[in-house]
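The first chain written gets the first letter, and so on, giving A, B, C, D and E; residue counts start at 1 in each chain.
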Amino acid sequence: MFEQLRRRSRSAGLPPGSPEYVGDHGGEPVSIEMLTYDAGQAEATTPKRLSECACFNDGPGVTWINIDGLHDPGVIKQAAEVFRLHSLVVEDIVHTGQRPKMEELPEAIFVVLKMLKYNEDERRVEDEQVSFILGPRYLLTFQEHAGGDVFGDVRQRILTGKGRARAQGPDYLMYALIDAVVDNYFVVLERMGEDIEDIEEQLLTAPSPVQLERLHGLRREALFLRKYIFPLREVVARLEKGGSELVDDATIVYLRDLYDHTIQVMDTVETFRDMLASMVELYLSNISLKMNEIMKVLAMFASLFIPLNFLAALYGMNFKFMPELDWEYGYFTVLTLMACSATGTLLYFRNKGWIGKKGRG
Amino acid sequence: MFEQLRRRSRSAGLPPGSPEYVGDHGGEPVSIEMLTYDAGQAEATTPKRLSECACFNDGPGVTWINIDGLHDPGVIKQAAEVFRLHSLVVEDIVHTGQRPKMEELPEAIFVVLKMLKYNEDERRVEDEQVSFILGPRYLLTFQEHAGGDVFGDVRQRILTGKGRARAQGPDYLMYALIDAVVDNYFVVLERMGEDIEDIEEQLLTAPSPVQLERLHGLRREALFLRKYIFPLREVVARLEKGGSELVDDATIVYLRDLYDHTIQVMDTVETFRDMLASMVELYLSNISLKMNEIMKVLAMFASLFIPLNFLAALYGMNFKFMPELDWEYGYFTVLTLMACSATGTLLYFRNKGWIGKKGRG
Amino acid sequence: MFEQLRRRSRSAGLPPGSPEYVGDHGGEPVSIEMLTYDAGQAEATTPKRLSECACFNDGPGVTWINIDGLHDPGVIKQAAEVFRLHSLVVEDIVHTGQRPKMEELPEAIFVVLKMLKYNEDERRVEDEQVSFILGPRYLLTFQEHAGGDVFGDVRQRILTGKGRARAQGPDYLMYALIDAVVDNYFVVLERMGEDIEDIEEQLLTAPSPVQLERLHGLRREALFLRKYIFPLREVVARLEKGGSELVDDATIVYLRDLYDHTIQVMDTVETFRDMLASMVELYLSNISLKMNEIMKVLAMFASLFIPLNFLAALYGMNFKFMPELDWEYGYFTVLTLMACSATGTLLYFRNKGWIGKKGRG
Amino acid sequence: MFEQLRRRSRSAGLPPGSPEYVGDHGGEPVSIEMLTYDAGQAEATTPKRLSECACFNDGPGVTWINIDGLHDPGVIKQAAEVFRLHSLVVEDIVHTGQRPKMEELPEAIFVVLKMLKYNEDERRVEDEQVSFILGPRYLLTFQEHAGGDVFGDVRQRILTGKGRARAQGPDYLMYALIDAVVDNYFVVLERMGEDIEDIEEQLLTAPSPVQLERLHGLRREALFLRKYIFPLREVVARLEKGGSELVDDATIVYLRDLYDHTIQVMDTVETFRDMLASMVELYLSNISLKMNEIMKVLAMFASLFIPLNFLAALYGMNFKFMPELDWEYGYFTVLTLMACSATGTLLYFRNKGWIGKKGRG
Amino acid sequence: MFEQLRRRSRSAGLPPGSPEYVGDHGGEPVSIEMLTYDAGQAEATTPKRLSECACFNDGPGVTWINIDGLHDPGVIKQAAEVFRLHSLVVEDIVHTGQRPKMEELPEAIFVVLKMLKYNEDERRVEDEQVSFILGPRYLLTFQEHAGGDVFGDVRQRILTGKGRARAQGPDYLMYALIDAVVDNYFVVLERMGEDIEDIEEQLLTAPSPVQLERLHGLRREALFLRKYIFPLREVVARLEKGGSELVDDATIVYLRDLYDHTIQVMDTVETFRDMLASMVELYLSNISLKMNEIMKVLAMFASLFIPLNFLAALYGMNFKFMPELDWEYGYFTVLTLMACSATGTLLYFRNKGWIGKKGRG
């Protein structure tokens, strides 16, 4: 849960701008994808080396270069050179404990986001950092590891020429990719929502420590989602209203739409948090109710039999001189007395409302 | 409860601006209503096709076109063409998981709201999305399904010429419709308020798991109401203060009034939330009190009889040599001892304040 | 408690600006008071009809017209005509579920407030809506019903010429009346404060469901007070800083003072809310403590006697061959054993800290 | 606790600007101190009448007039005349239920504050209102009663010429006095902090109702401190940034320092509130834990002996025909059975983790 | 925990600007380090007296003077003279209870921060105050005591010429040092995060008072961290956006990066607070669950045997005339009755869901 913190803490002491990767994905090979397109055509290549991408800013079409894997310092260093990146930007790309943010560089816009994925096996949300660098005719994206991104649909739309993606500049491409990331948040949130509904149903029927643990886990998840998602609002707002020349007026209307989606995601996370808090209270109340039930049963059993027991023990004493013992109907008198005592106690409980419709009777 | 989220999540992966309906109302036929009026007269028609509405912007009177049903992509596509709508606007209309919002389009104002209805059978609040597009001489409204809207009174006032509606432009019409939506919120809130008072009364007399479940349900409802209603404040504020040419100065004073109503609705929702939280605490306190009562009864029963029982058991032992057993008044001595013990215990309880006015005696 | 909401909900469906009263005070006759004064003299009359008030704006002195009772649509309609009121203003006056607000009309200032009264019998705060319309030379006030207002002192000061009221314009009069309303809030709050202190004292000595119910009631009251009082801050601030020509510079300094008082009222309501929340926790803690006490007594009684009882029962068995029974000192040995067991148990409890200064011994 | 409110409520109904004292200090005589100084010399006098202070604004040196006691309307009236005070200012001085505030008068600055004192006997914080009126060459201060102020050090520094106080104007003097008030807040807070630490230590060892009551008392104190201290931030900020001619540029840097101190006081009060809330939770948790402990002991005692008791009672029955009773080793068989039952139960408890390291054994 | 407050309270009554140290580190000797460097070379010296540092502002290289130890008034006074510091600045340096802040002095920038260190032995976070004074060509730093600072890496980078530190001005140096302080916060937070995860794991398995105490301790730590870290955001923001001439444009981009880190630290502290609050609830819920378990065992044991015991006691009575006692199969009838009673009770419990998968069976 605190991987983020651990990664961040690992980089303490390094000089500012160190390009050393502090994430957890190490062994996989770095892979590069290059997509060049304009309104008329689109072409995808997978260059072996970054030096083949040096033409990234030559236009006239749009160039999208996607790099999967941040653990190889050589590759990162080369990328910094080829794409002329400031050392702090490189640091932000490889130090994967970043908070989502947007920064205007002299000739580009730099955006860091978190992609989320619901891990069905461990029932928890996983995050992966994506960085975007938007230039006049190009878009660079950096992901922590290959596979599992949410950019497939966009890539497909560009290659097949579907949608308006191909006729637009790299700013629209960046919008489309961020939109895909945010759309995926909804998928993750829906998955969490199912979990919440699931637990909610069980809470009222059978409170058990298992649910408590899951509730606590979900609250933790919601806390972390919030940390990743809330800064995004500002990122999108600044893209929309920043007035950068790199963002076309035609794209602004799409960014406004994206902004609305971001707000919706935030609303949902907050609603989850409120609901989970309410559910913990429900849980506690239910435990208390069950306890009441248990104690009521115990109190009634005990209170009913204790006086009877006493009477029985009384006449079990071995005193020489106990006149009742010699009465002919002593035994039956005592039995009657016991019946009266039991009836009285039961009436007392009925009077208190402990038994009745749902009591033991 | 998470239908909203589910609908939203369903549309992930679609390209931006897809006109596919993601709501739950599918089978009903789409119905169109057209109302043209000016100060002098009013006429209602129900065109079979949207193409008959092409005159919507020709004036000089006001044209209100209301479309019920969003599930038919053909109709939606046609509407987009006839009314010249931007693809993102179409998307917002059919993707019914929207947050209430207001957007200024080049020549129109676009507003999305939620209509609420209290479903008496399932005791829960249902929502339906309404979209408004306000042009210079026309107003378009889109609802998820026919029937159950709250626009009947306004329609009637226009047709009968009552009120000032007919002499005003489409901006006043939009105000009147939104006002009807907000007025209806009060009806829904009153219904919830009755539920709250209902539970409140029972809470103090007989806490049961049923009420707890209903309390939890109401808190959830309040959370969702809040999500639908709070963004409305901004929508109305922007209509009032936005300075759009489409909104007449004479309408502004009405919008200010509407704004006040929106604030009142928000206040009420917040008050509900505070009250429900306070009621959960009340509930928990009451359970604890009942538990105290139960334990007090048990403790008194047990503590009263346990020493007596011991004495009885003591003289029930079968030792050969137990001098007390042979005393002539041994039995009565023990009975006296028992009476003393019982009196002492009762005095101890009275001293502790456990018995007295409301004790068992 | 939700009368407010009920009244509001009743007016849903009416066209905007309907002058129908939705409050609860119906049967009383409407009464009109007119007070005209200038620095030199003051005169009070009680006109039978509103038409006699048509001179309200003729000056040169100040005219204050106070109307008690809003339930007669005829009177209200007449008032609208005589005083030339916008239909929305009339609606706000008669729809008594208003939130306090201030509105600048073309030639007047419109203010709606709530007067509060502590009902000693039902131990709850009652509200009554007051509306002010401030013109260049006049002030109109509308109250829901006659009697029980807090304007007596101001009226008296004007008639007797005491204070600076008579030499000032109607803006000072309005200030003085609102000040009287706010001053009265302090009286209501003090009364609630006494209740709170009352309960607080009892909480620590004898927690009972009665206090819990009263605590819950007070929290509800505080919630509603907040709803009535908090918007007032903005009303007064806008009067003070609004820069309206109707408010004289000399009055501004008084309004600033009023503003301070409003803040004090808000502070007090917030403090009440915090204290009540803290008291509920105190209450819960106290119940838990009492429960601990009860259980300790039960646990000690039971644990002390259970082993003794067992020993007694053991030697109450009727086996043919039980050597101990025939020992001469068997009985006394068992008694000694019991004494040891009891001592051991008591030492164990003392060791656990359950008995000592305040234990049972 | 609600003296503040009571005082405020007492003044309801009075006309605005009434100079009647509503505090609790009545009998003491009003005392006046006058201190005139410049860089070269300083002189303290104690005039009998206010008329002797008429030279307060004549300069060239600085005049500081301090009045202790606000209950004599004659003196107050005279002060208003001599110092030419607006009636609302006089009201604010004598109505001691003020919220700290700063107001710019035409030729002076008016500041109201609360001095705090920790009453060691009653273990609670007491407040006293101080008002400052800063003119071009003079400073007036009004306190509720003589003695117990925190101005001694400043007075001494002026008289002895130590520090930079004497060379500065009355604005620096006011700063120094407010600084002394704020410094004293730290003393009060430290005293409360000790109380908090005191209780905290006991909480973990021996939760008792006494601590609960003190905790509740401290929370109440913190609430009231907050009410007195938080408005001070704004007062100091407005002095610093207000740009009044009465405040010299050289003094501004000191006011900024004072501002930092005020923020620190606020931070501390908030931290106290958070800690106290956390301690109440700790307390509740601890009670629950103790309860668990008690119940565990009871459950083990009872569960251990109940089956044994049953066996003993079984063979205490007086049936004619009970074969076991006649067995030679019946008694020992039963004893063995009992030992097995006890062992089984204990193993069951050990298995549940109830006994072990800290169990009863 | 309240050392901060105690130190602050100690300085109450002193005149503003007193240079007396109020921290806890007294006996160590004051040590001075001087580092002069430019792009070409770097030289470290340790002057014995402050007078040797008088050349601190002579350039052309950068001079960094670090003073460890604030307890010697002579040294502090000398520093004030040599470096021409305002008395309030000196006070802020030695009064170590400061809130982090940034102040623009006429020719320098003054920054106060807190360095944090996790004390592994006492498991708590310790703080040390660091003050920075940034001039055109110099940087002064003051620490409470020698050793344990986090500036080693920066010092090393300057001396070895690694990184860009040496080619930059003193503003970059200050940035690098503050960055080191903030980086170290991550280390402290990670350590706390480990503690939190540690406790979290135990909470679900074995709730004990030890964890409760540690939880409470961590909450207290989080409160204090917050107090130290949150003002830092403003400090860095003002450095970045303040537009001071002392801060070079090239440094601003680094400060923005630092700002992001500060926000991350704040986010983490808030997440910790939320998690700790959630864990306390988890703890309470778990205790309640355990209690339920205990009571269920007790209730079942007691309810099972109480009726059996009664039957046994009944036939242990010594009445002369008890027909059942003489029946041949009386004993076995009673045994059967007992078996039936026990079975019935067990079925009742199974029906209630108390036994079954995880019950006692």
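Just so we're on the same page, a residue touches a chain if its C-beta (ideal position, glycine included) is under 8 Å from a C-beta of that chain, and two chains touch if they have at least 3 such contacts.
Not measured: the values here are computed from a predicted model.
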Inter-copy rotation, chain A to chain D, in degrees (Cα atoms; steps of 5): 145
Distance-wise, how many Å sit between the C-alpha centres of chain A and chain C, to the nearest whole number? 41
Based only on mean CA positions, could you tell me how far chain C sits from chain D in angstrom? 25
Check each residue of chain D and list the ones that touch at least two other chains. 284, 288, 291, 295, 298, 302, 306, 309, 313, 316-318, 322
Using the contact definition from the top, classify how the chains connect: line, ring, star, complete or other. ring
In their complex, what parts of chain B are in touch with chain A? 1-2, 5-6, 8-9, 11-13, 15-17, 86, 88, 91-92, 97-99, 101, 103, 206-207, 209, 212-213, 216, 219-220, 223-224, 227, 280, 283-284, 287-288, 290-291, 293-295, 297-298, 301-302, 305-306, 308-309, 312-313, 315-318, 322, 324-331, 334, 360
Quick one: in the complex, what on chain E touches chain A? 153, 157, 162-165, 175-176, 179-180, 183-184, 186-187, 189-190, 193-194, 197, 204, 253-254, 256-257, 260, 263-264, 267-268, 271, 274-275, 278-279, 281-282, 284-286, 288-289, 291-292, 295-296, 298-299, 302-303, 306-307, 309-310, 313-314, 316-322, 348, 352-354
